[in-house]
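Note that chain A is present in both complexes that follow, paired respectively with chain B and with chain C.
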Partner chain A sequence: MTSPHFPHTDTPSAQLAGVSLSYAEGASVLNGLDWQLLPGQVVGLLGRNGAGKTTLLETLLGLREPQSGSVKVFGQDATRRDDATRARIGYVPQQNDLFQGFTAAQLLAYFRSFYPRWNEARVEGLLSRWEIPRDRPIRKLSGGQQQRLSIIRALAHEPDLLVLDEPVASLDPVGRRDFLRELVDQVLDRGTTVVFSTHILSDLERVAFNLAFLSRGRIALQAPLDELLEQVRAFTGSVTEMASLMARLGAQPLKRTPLEAGRERVLARLPANAALPAGVAADRVNLDDLFAELT
Partner chain B sequence: MTASFNQILLAAWRQSNTDSSRWFRTVFYSVLAVGLAVVLWFIPVMQLRIALVCAVLVFALFGLWVMLLANLLEQNHPVNARLVPGHLRRLRQAALVGWLLISGTQGTLVWLALAGKVPLAPLLLAAAAAGAGVGWSQRHWLWAIVLYMGPSLIVPLHLHERLAPLWHALVELWQLQPWAWLALSLAMLGVLLMRVFGSGDDTHRAQHQARERLLKAARDSAVGNRAGIASLGGAGEWFAWPVEALAARWLFRLLARAQPTPASVMARAELALHGLQHWLRHALTLGLMLLGVGLGGALAIGLLSDHANQALVAATPGFAFTFALIGCMPAFALRNMLWHTRREQALLVLLPGMPQGAALNRAVAFVQLRHFLLAWGVTTLLLGGLVALTDMPSLLSLSIAALPLGVLNLTQSPATMRAPTQWTASRPVLAFLLACAVLWGLCAFMNALIWPLMAASVLLSAALLASRWPRLSLAPSALPAGRLA
Partner chain C sequence: MDPTHFVHINTGSPEPIYRQLIEQVKRRVAAGQLKAGDEIPSVRELAQALAVHPMTISKAYSQLEADGVLERRRGLSMVVAAQHRRAQPTADRVELLRPTLEKAAAEARQLELSSAQVLQLFKTLLDEQAP
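So, the complex of A and B:
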C-alpha cells in the first residue's frame, strides 16, 4: 500500500539486484539478494538476530560495498551519489553516531548547515513534544532521548527515503507510539519511502503496510501485511496430498516442514480470492507465526 | 557553504573545549608563558629572544594543528561521509585551509628565527611535510613510528652517505625553480592529506572504528581503567598475542584446579578484580619490554659500534624511568581497577569459599600488596643492575619513592573509594614523580647517600603497613568497591 496522496510510480526509490556480501571472516550475509522499494512504500524488514538486517540496510545506503550485484538509490549507484541525492535520504542507525559532547541544539545546527531543505518548525515541534532538552550535552541524555534526537535529525531535512534500523529499540511504549505517528504523518504528507527493521511485531501491524522477510541472505517474501494475513494458510497432511492440494489451489508454498509418518506441514500463500475446497482444513497464521516460519 | 564551514570549525572547538582540557590548557599555557618570560629575561641578545619566541610559537602551532586535525577526523564519520551532502568535502577543505595557514606560518616563523639564513621555500616545505605527516600518523599510529622515528635511523644506517648523490641532485633541481617545486610538492602533499579522510568506504569505516577504539582506550586509561596494547588494533593484537595466549592458559589451569578454598577463590577473583593489571599480564608485559630493550640494545651496539656505550649510558635514565613506571604501576593502578570491575565483584562475593567481612578486606589488600611488592622487588633489582652498569646510584630514587606510596595507596578501604577521575587517577603518579624529583635533588645537590634513603623508605613503608593493616579489619567489606562512596 502506498500513500493515498502520492501517485504510485514504478520507478523504484531503491533497488538491489543480485547483491552478495560476505565479511572478511568468511560468513556470507547477503546471498544474491534482489529487492526493490517503490516510492511511498512503508516496508518493515524482519529477520532473526544475525540474519543481516543491519548489513542489508547499510548496503542499501552505500555504507557497505557488496562483493557482487548492484545497489541503486534514486537511480544512482549507492556508493557514488551526488549531493542532491544524499539530501533525499534520512537514516537512523541502530547505534547512535551523535556527537556526544554537543547539545541537541548544536547537533541540529551542525547538520542543518549541510542540507538545502530543513523543516525548522517540525524540528522545534518534535523537540518540544518529545521533551528533549536543547542545551544539555547529548551524553547526558537518556538512551530513549538520544534515539528520539537521532530520529528528529533524520526527519528534519524531509527525506524522500527514510531508513531506520531498529528505531524503537530503546523507546518506551509512549515513545514508540509517538514515533509511529510521526512516521505515518511523514508518509501521508510527503509520500516518503520508509524501510525499517524491528523486532516489535505489534508496531509493524500499526504502520508497516508491507513486510519483507530476510532469511539466509535473501528476501524470502515481500508482500502487504493485510494480504499476508488474509492469504497465508498452514496445511497439514501427507506429502502426496499436499502436493496435489497445492497444485489444485494454485498456491505458492512458502515453507515445508516434514512431520512424522510421511506427513508434512506446508505454509502456503493462496491466490487472491481463492476459496478452500470443502473438507480441506487450513490454519490461519498471525504475524508471530509468519516471523517464526519465514525467517 | 560558509555556514557548514563555520559549523565544522565550531564543532572542532566544542569537542576540544571540555572541562578537563580547559583546566589542562590553563595550567599548560600559564606555565609556558611564565617560563618563557623568565627565560627571555635572562637572554641578553635580541635575535636569540626572537628565535626563542618563534620556536615556542612553532611548537604551539604544531599542537594546534594536531588538535584541529584530530577533531576534523573525529567528525569524519563514514556514515556522514556517504549520506550527508558535502560533509566530507567540507572537512577536507577545512583541513586543507588549516594545514596551509598553519604550516605557512610555521615556515615563516622558522625563517624569522634563523634571520633569513636559510631560504624560505624549503622551510615552508618542511613545515608542510611535517603537517601532512601528522595526518598520516592520525590515520594509523604505525605511521607515527615510521615518520617520526624513521629519520633517527638515517645516521646509524649510513643512509646520509649512501643517498648523498641523490640528495645533491635533488638540491640542484630544487635550486633551479624553488617556488615551482614548492608548489608542486605542496600539491602532492595536499593530495596525500586529503586521502587521510577516506571516502566513506569499508577502509574508512575500519579506520574510524580503530580510531574510536583508541580514543576510548585513552579515555578509560585517564580514569585508571587501562587498556592493553590490543586496543591499538591489528598490529597491537599481534604484539599482545603472547600475553593473551599465556593468560588464557593460566585461566584454563586455574579453573581446572578450582577448589572452594579462600586461596583458590581469591586467585580466580584476582583475574576479574585486576583485569589487564593482573600480575601475570603485568609480569609478561615487563618481560616483553625487557626483551625489546635487550634486542634494541644489541641492535644499537651492532649499528653504532663506536658510540654504542655512550648511547646506552645516555639512554639509561630513560630506560630506568620506564622500567620503574611500568614495574611500580600496580601501586597506582590496582586500586582504580577495583572501581572498574565492581559489577563482577557483586557476583564474586557470592562465590562459595569467598572470604567475607574483615577477612575479605585483608585478602583483597594482601593480593594487591603481594603483587606490588614482588613487582617492586624485581624493579629494584633491575634498577640495581643499571646502577652497577652506569654508576648512577640516584636511579634507585625511583624505587625509594614508589615503596611507601604503593603501601599507602593499596591499604585504603575500597568500599569508600570514589569514582576515579582524571585527577584522582593521575594523582598517585604525580606524587611519585614529585617524590622522585625530591630524592634525585637530595642525591644530586646535597650529596645524600642512596642507601640510607632506601633504608628510610623501607622503614617508613613497614610503619605505614603496621599502622594501616589493623584498620582494614574495622573497615566496611571491601567488595563491591565504591558502594559507600
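So, the complex of A and C:
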C-alpha cells in the first residue's frame, strides 16, 4: 500500500510501474514492481540481503534497464534522462566508485564541472568537519573517510533526489550521527526526496518518515513508520480463532506464521478504535519485528 | 534551552519517536521542570540536535499544542502554555506513568515474578531516588 504523507500534488520524484528485471543467469530480482516517491519524502528501503535493494536503486537511477515496465525520474525515462535531470540526483553507492588515484580536491573539482549548482561552502565545511585530507590520494584514505567523501560528492550539488545505498556501513556511531544531521539539514533546507537503504534500523527510525518493504521482487508495503508502530499488532491464537478475529476486526493479515499445535501468529493492522476481544493476545511491535516479518 | 538535552529518544521501541517526545514534554511540564512561558527548541533545532526527521518533531509539537500543553507565540516560537502554571492534579500526573509501567508490568509477567516482588523493587527504586 502506498501511503503518501506529504500532500504534494507535483510530479513524483520517481515512479516505477510494472518493473521486472532478471539477470542473465535467470534469477528474477524485480517482479512487476510498482513504487512511487513523492517530493520531500524520506523513504527507508528495507529488505533482506539479496532481496534486490541495490538492483532496485540502480534501476531507479537508470543504471540498469529492466526487461519490462517503466521507470521515470522527474518525469523522464530513467535510462534516457538529460543532463539537467541528472544534475538533480545525488547517489551514494554501496561500493564507493571514487577514482582512487585522485586526491579529494581533484575529485571534487572534476565533479564540480558537471553541475550547474555546486555548494562550495558546504563542501569545504564538510571536508573540514569530517577531517578529510584534501591532498592525499583517495586510495590512502580510510574506508570511513572514503565513504564520507562519497557522501560529500552526493550532497555537493544540492540534489532534489538523493539515493543512498548503505551509505554509512563503514562509519562509526559518531560518523553516522553526523551524516544523519546532514540529511536532516538537506530535508529542512531543500525538501529533498531521499531513498535510504540500510540495515542499521535505528538510523532509519530517526530520519525515514516512510518505510518501503522490498520482498519477492515487489514493494510489499509502504507506509509511515509512526502509523505502522501504532497500528500493527502481532496476534497469536488458534488458526480458527485468528480467522474469526480478522473477520471481526475487518483486518487484513500482513503476515501469517504457522506455529505448533494448530496455532498461528498473525501480523495485522488493528483498525483505530477497534476493541480487542477478551483473551486475545496482541503484542506491539518495533521496527526490528516489522523488518523480520515483512521482508 | 539546550536542544540536545531537551528530550531523549529510544530507538527500537514500539513507541513512535513523536509519541516519546509528547510523553516526555508532558512529564516535564507536570513535574514543573518546564514552566509556563518557557520557550522550547524550534522544530529545526530539535530535528538537528536529535538527528530526527523534522516532520516527526512538528507532529509532536502540534499534538502538544492541541492538548493545550504548548502554545505558539507570535512569530514562530513555541512556549509552555499558561494553564499549566498550576500543578496538574495528582491523578493526571500518575496517568503519565502508565506507558512506562505497562511495559514493566508485561516484562514482570514474562519473568513470572509476583506482584509483591515487583512492588518491592519499585519501592526500592523510589526510595533510592527520594529527594
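Here, the second predicted complex is superposed on the first by the 279 of 295 C-alpha atoms of A that agree within 3 Å, B and C clash if a C-alpha of one lies under 4 Å from a C-alpha of the other, contacts with A are read in each partner's own complex, and residues count from 1 in each chain.
Here, a residue touches a chain if its C-beta (ideal position, glycine included) is under 8 Å from a C-beta of that chain, and two chains touch if they have at least 3 such contacts.
Quick caveat: nothing in here was measured; it's all calculated off a predicted structure.
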Touching partner for A:Leu188 - first (chain B), second (chain C), both, neither: second
Touching partner for A:Glu205 - first (chain B), second (chain C), both, neither: second
First (chain B), second (chain C), both or neither touched by A:Val42: second
Chain B versus chain C as contact partner of A:Ala156, first or second or both or neither: neither
Contacts of A:Val285 with chain B and chain C, given as first, second, both or neither: second
First (chain B), second (chain C), both or neither touched by A:Arg177: second
Contacts of A:Val29 with chain B and chain C, given as first, second, both or neither: neither
Touched partner set for A:Asp226, first chain B, second chain C, both or neither: second
Residues of chain A that lie at the interface with chain B and also at the interface with chain C: none
Sites on chain B touched by chain A in the complex: 3-4, 6-7, 10-11, 14-15, 18, 75, 77-80, 82-87, 90, 200-202, 205
Parts of chain A lying in touch with chain B, wherever the complex brings them together: 61-65, 79, 81, 83-84, 86-87, 89, 91, 93, 97, 99, 101-102, 106, 109-111, 113-116
Residue numbers on chain A that touch chain C, as the complex places them: 5, 42, 177, 180-181, 183-185, 187-188, 201-202, 205-209, 225-226, 229-230, 284-288
Residues on chain C engaged by chain A in the complex (per definition of touch): 9, 11-19, 44, 47-48, 50-56, 59
